[in-house]
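First chain written, first letter: the chains are A, B and C, and each begins at residue 1.
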Amino acid sequence: MALNYDEVIEKYNPVLGLEVHVELNTESKMFCSCSTVFGAEPNTQTCPVCLALPGALPVVNEKAIESSIKIGLALNCSIAPYSRFARKNYFYPDMPKNFQISQYDEPICFDGYVDVEIDTDEGPKQFRIEIERVHMEEDTGKSLHVGGATGRIHGADYSLLDYNRAGIPLVEIVTKIVPGTGKYAPEVAKAYVAELRDILRGLGVSDVKMEQGSLRCDANVSLMLKDATELGTRSETKNVNSLRSVERAIRGEMLRHAEILETGGKVKQETRHFQEDTGLTRSGRSKEQAEDYRYFPDPDLVPVKPEAAWIETLRAQLPERPSIRRKRLQKQWAVPDKEFAAMVNADVLDIVEATVLLGADPAKARTWWLGEVSRIANDKSVAIDELAITPAHVAELINLVASGELTDKLARQVVEGVVAGEGTPSEVVAKRGIKVVNDDGALMAAIEKVCAAQADTAEKVRGGHLPAAGALIGAVMKETAGQADAAKVRELLLKFLGQ
Amino acid sequence: MIFKTAAEMATSLANKEVSSVELTQSHLDRITAVDGDVKAFLHVDKEGALAQAAAVDANRAAGKSLSPLAGIPLALKDVLAQKGVPTTAGSKILQGWKPPYDSTVVSKLKDAGVVILGKTNMDEFAMGSSTENSGYGPTFNPWDLTRTPGGSSGGSAAAVSAFEAPLAIGSDTGGSIRQPAALTGIVGVRPTYGAVSRFGLIAYSSSLDQAGPFGRTVLDTAMLHEIIAGHDVKDATSINASVPSVVAAAKSGDVKGMKIGVIKQLQGEGYQKGVQTRFTESLDLLASLGAEIVEVDCPSFEFALAAYYLIAPSECSSNLARFDAMRYGLRTGDEGGASAEAVMAATRDAGFGREVKRRIILGTYALSSGYYDAYYGSAQKIRTLIIEDYKKAFAAADVLVSPTAPTTAYKIGEKVDDPMAMYLGDVATIPVNLAGICGMSLPAGLADEDNLPVGFQIMAPAMQDQRLYQAGAALEAALSSKWGGTLITKAPALKGGAN
Amino acid sequence: MSTLSRDEVAKLAGLARIEMTEEELVELSSQFGTILDAVARVQELNLDGVKATSHPQPLENIARPDVVLPSLSPADALSGAPAQEEQRFRVPQILGEE
């Protein structure tokens, strides 16, 4: 009998371990001068070094070292005064040297932590995720599997290799085991990855695009009985490529482990692959023998010994921590928790802040970005920052409304125009001939017309039944094609009807 | 002309007594005449060489400023990548591979106008001491065609010794320049580790490999040394310092007041009588020139061979992983739906020779989990002790000396089935590589019992390469005046061309 | 006397990805006794407290600026490929994990 989630966490404690790989956004690769631009034609960004041609030698990218140290500092790590690169030896066709240059027992950063906050039944609660290490390594090439039904590796007739990605700098961030998250394990993991993403974005060291693979998460999950003292056997789930997947994968693995344990089985220590479509994990091909990576210090690369003064300079330049910044903005803008969470979820904090810094009212800026603009982005299935509308546009729009030059309704038309690339809000207003009808004569003509057409209703208002005025105002607005200011219409109408 | 020294040829070229094309053609003719017996070359690049020579002649005619060795032909060990020219490192696994790039050494030679005649034979991936481990058959010693020229740079040494080229490039990981120089009666220098770029040098053991020059005189060797040495940003282990003035040192050749240390551990038992005799005579000669001879104790040298045969195989097991049939070189077994894994294994079986496989397996063992500390780890600590022994010794002496090899050239096939016997031949040369310092071998005469060349080894501290040339030139001058010419002028004539 | 059994050699050959015939395995296994005895001499000394040397020169912090330089042309990159298709290296089916 399979347990449901509540029953699982009633009986077991989940233990997490998260390994996040981040592609750094350096111009050139980790150990050679090839470009790292995403999406280039196959094998156009390769050289003797990243193709592992005989005789080629690696030389480390100084920016990659700097970015790694920044990441370590932002994650409250100690920076190693002495660290080395090591070779991790195993054969795989997408890895040209058949060893990966990585770091083994001497990583560049170690012993840090990240605090994340999630909503629990008892209100917001903070969890501390301890960081074991941050180390530098290099990415592999990409293989395309040809033949077979699925385009997957199994059943393929042969594979085609593109080494453009081989040698792109990676930083791997490894947590210590994370106990004590209980039923919130999936949410904590998701919040951790989201926090990492925000920290890395704030540092400007990576594009952190999970869908492009520039941020990838491997999730280790195990279960232990509530009174147990020893850790259970863990599985490692790879291919977790979105925040939502992190949550789903961990929840799924908890359920899968529980089912195995409940039926008297043993969880296998193995690598599993997350399936985006089903939300389940699939077993990788089990190896005949345990890997023996034969790590040893890479003789082609010399030790990294960052000077203390340099580390302190980098520390002083660290941007505000995302969690602190969020608290500051929420307070400054006086946004209730729920609304603020909506902004965080919709990923509009940066853009709203930019709009506010241009003088816009925070509440209005939030409403525009979270409302109309988000809706358009959704309809078009693009990220909000890919639209043609900028914080300057929204700030201008808010000004136009405040000064009465636009009504909210008209402003929405203007947004459409800006998104369609028609120019700034003022330019759209001019081009489309949008303007509020403030001409009393024109408004009076419309009012008289409406009151004549709806004489009964007009009589009611004249007799003191004010709520009936709404229908008339609506009709006048319609008559003026929405270009009138509703407050003005009301004022003139009531005056006309002797109220 | 081909029997002259490179310095003499350079003068003739500068005085326009001969053109580079004529000089190159004479060497190509010599190769045609004698290389069927010597088999020094794997590939002769006739067209490329003549084109390079013609370009130098044109530049000279145009009055352009040229390097001292412009227009002089040279034999290149097949371990160095040369763009568009077959480069195999003596291995079947690279048969037919043409690098799309030049090694730094080749770039420097080309920039200096040195004419590259072709690629010379070597023990496969430089693993061996007799050139019998070549995938393309052995090279024969010009002094006695039934004997080996030593190795692994046996092809380069034999080419210079047989007057097929006045100069050659070799590489020295455990003695692979000095030992064949000794066995063929010429001069060979292993520069300080990091003095000559390893970029484009097909790696055997990255922390020990170093390319270096061969010549028939100390001065010729120095002239080539100055051209190939220097800092290279493409090699992270390259030393950023100016090249020692080796040509000036070779010209001065003064040892008055120089302290010469004889290493107690590198003589006596295990050294052939004739080798020991010539060594002692050379010492006496140096003393008569005003040098002070002292004895130094290097107790850790006893363990050098053991450390070397762990470190070099360990690094090679990783360096040679890239030869996997995926991107270049041999591919076998790709039929009947064989997997990439099976094709890799079949290709590495077919493409690697016995000695290479032996060292890869030994290195894989030494690095594997559970054995690392006992083998690789201990070997690296022995390395530290050897460095310390040298430090103490160099506090007492300016240069250190020993016989280069314990024996003269042995018969082809004599040791090929006894790897340990072969390894013992490197006992005197290996400590230099482990410590990353520099060493020279120069001819000390012929052993009485077999009339074969004996090498005298000189060692100097890191980046003090000029001391080798200073002491070497002094000894060479004294011996030459005793013999009435350099030793090589006493070499037996080869069929097809009188010496 | 140290030894390395045929099966141990076979396991190492697997790690080193070299297919070996039975004769090769047996031959290597028989040779390894002598070789291992010789290299095991590194364990004769008391090496406690001795630092390991991985690099013969005491260099550190050698890095290159983050600057893009021209790559090989795809034709050069693929010039040695045993097989190619669509500007990619064509390799036999890969059995390993995804």
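Rule of thumb we're sticking to: a contact is a pair of C-beta atoms (placed from the backbone, for glycine too) under 8 Å apart; a residue touches a chain by one contact, two chains touch by 3 or more.
Every value quoted in this text rests on a predicted model; they were computed, and no experiment measured them.
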Contact-richer chain pair [A-C vs B-C]: B-C
Relative to subunit B, chain with the most remote C-alpha centre: A
Separation of subunit A from subunit B, taking each centre as the mean of its C-alpha atoms, in whole Å: 57
Whole-Å gap between the CA centroids of subunit A and subunit C: 40
Separation of mean Cα positions, subunit C and subunit B [Å, integer]: 23
Interface hub residues of subunit B, defined as touching at least two other chains: 97, 100-101, 207, 233, 236-237, 317, 321, 324, 326-328, 337, 340-341, 344, 364, 368
Sites on subunit A at which at least two other chains make contact: 47-48, 51, 53, 59-60, 91, 93, 98, 157, 159, 161, 292, 294, 296, 299, 301-302
Subunit C, residues touching no fewer than two other chains: 15, 17, 54-55, 59, 62-64, 72, 77, 80, 89, 91-96
Subunit B partner contacts - residues on subunit C that touch it in the complex: 4, 8-9, 12-13, 15-20, 24, 28, 31-32, 34-35, 38-45, 47, 50-57, 59, 62-64, 72, 76-77, 79-83, 89, 91-96
Complex contact set, residues of subunit A against subunit B: 47-48, 51-60, 87, 89, 91, 93, 96-99, 157, 159, 161, 292, 294-296, 299-302
Residue ranges of subunit A touching subunit C (in the complex, touch as defined): 26-28, 33-35, 41-48, 51, 53, 59-65, 84, 91-93, 98, 143-147, 152-153, 156-163, 239, 271, 273, 284-285, 287-289, 292, 294, 296-297, 299, 301-306
Subunit A partner contacts - residues on subunit C that touch it in the complex: 11, 14-15, 17, 54-55, 59-69, 71-72, 74, 77-78, 80, 85-98
Residues of subunit B touching subunit C in the complex: 97-98, 100-101, 193-194, 207-208, 233, 236-237, 239, 300, 302-303, 305-307, 309-310, 317, 321, 324-331, 334, 337-346, 348-349, 352, 357-358, 360-362, 364-366, 368, 374-375, 377-385, 387, 419-420, 423, 434-436, 462
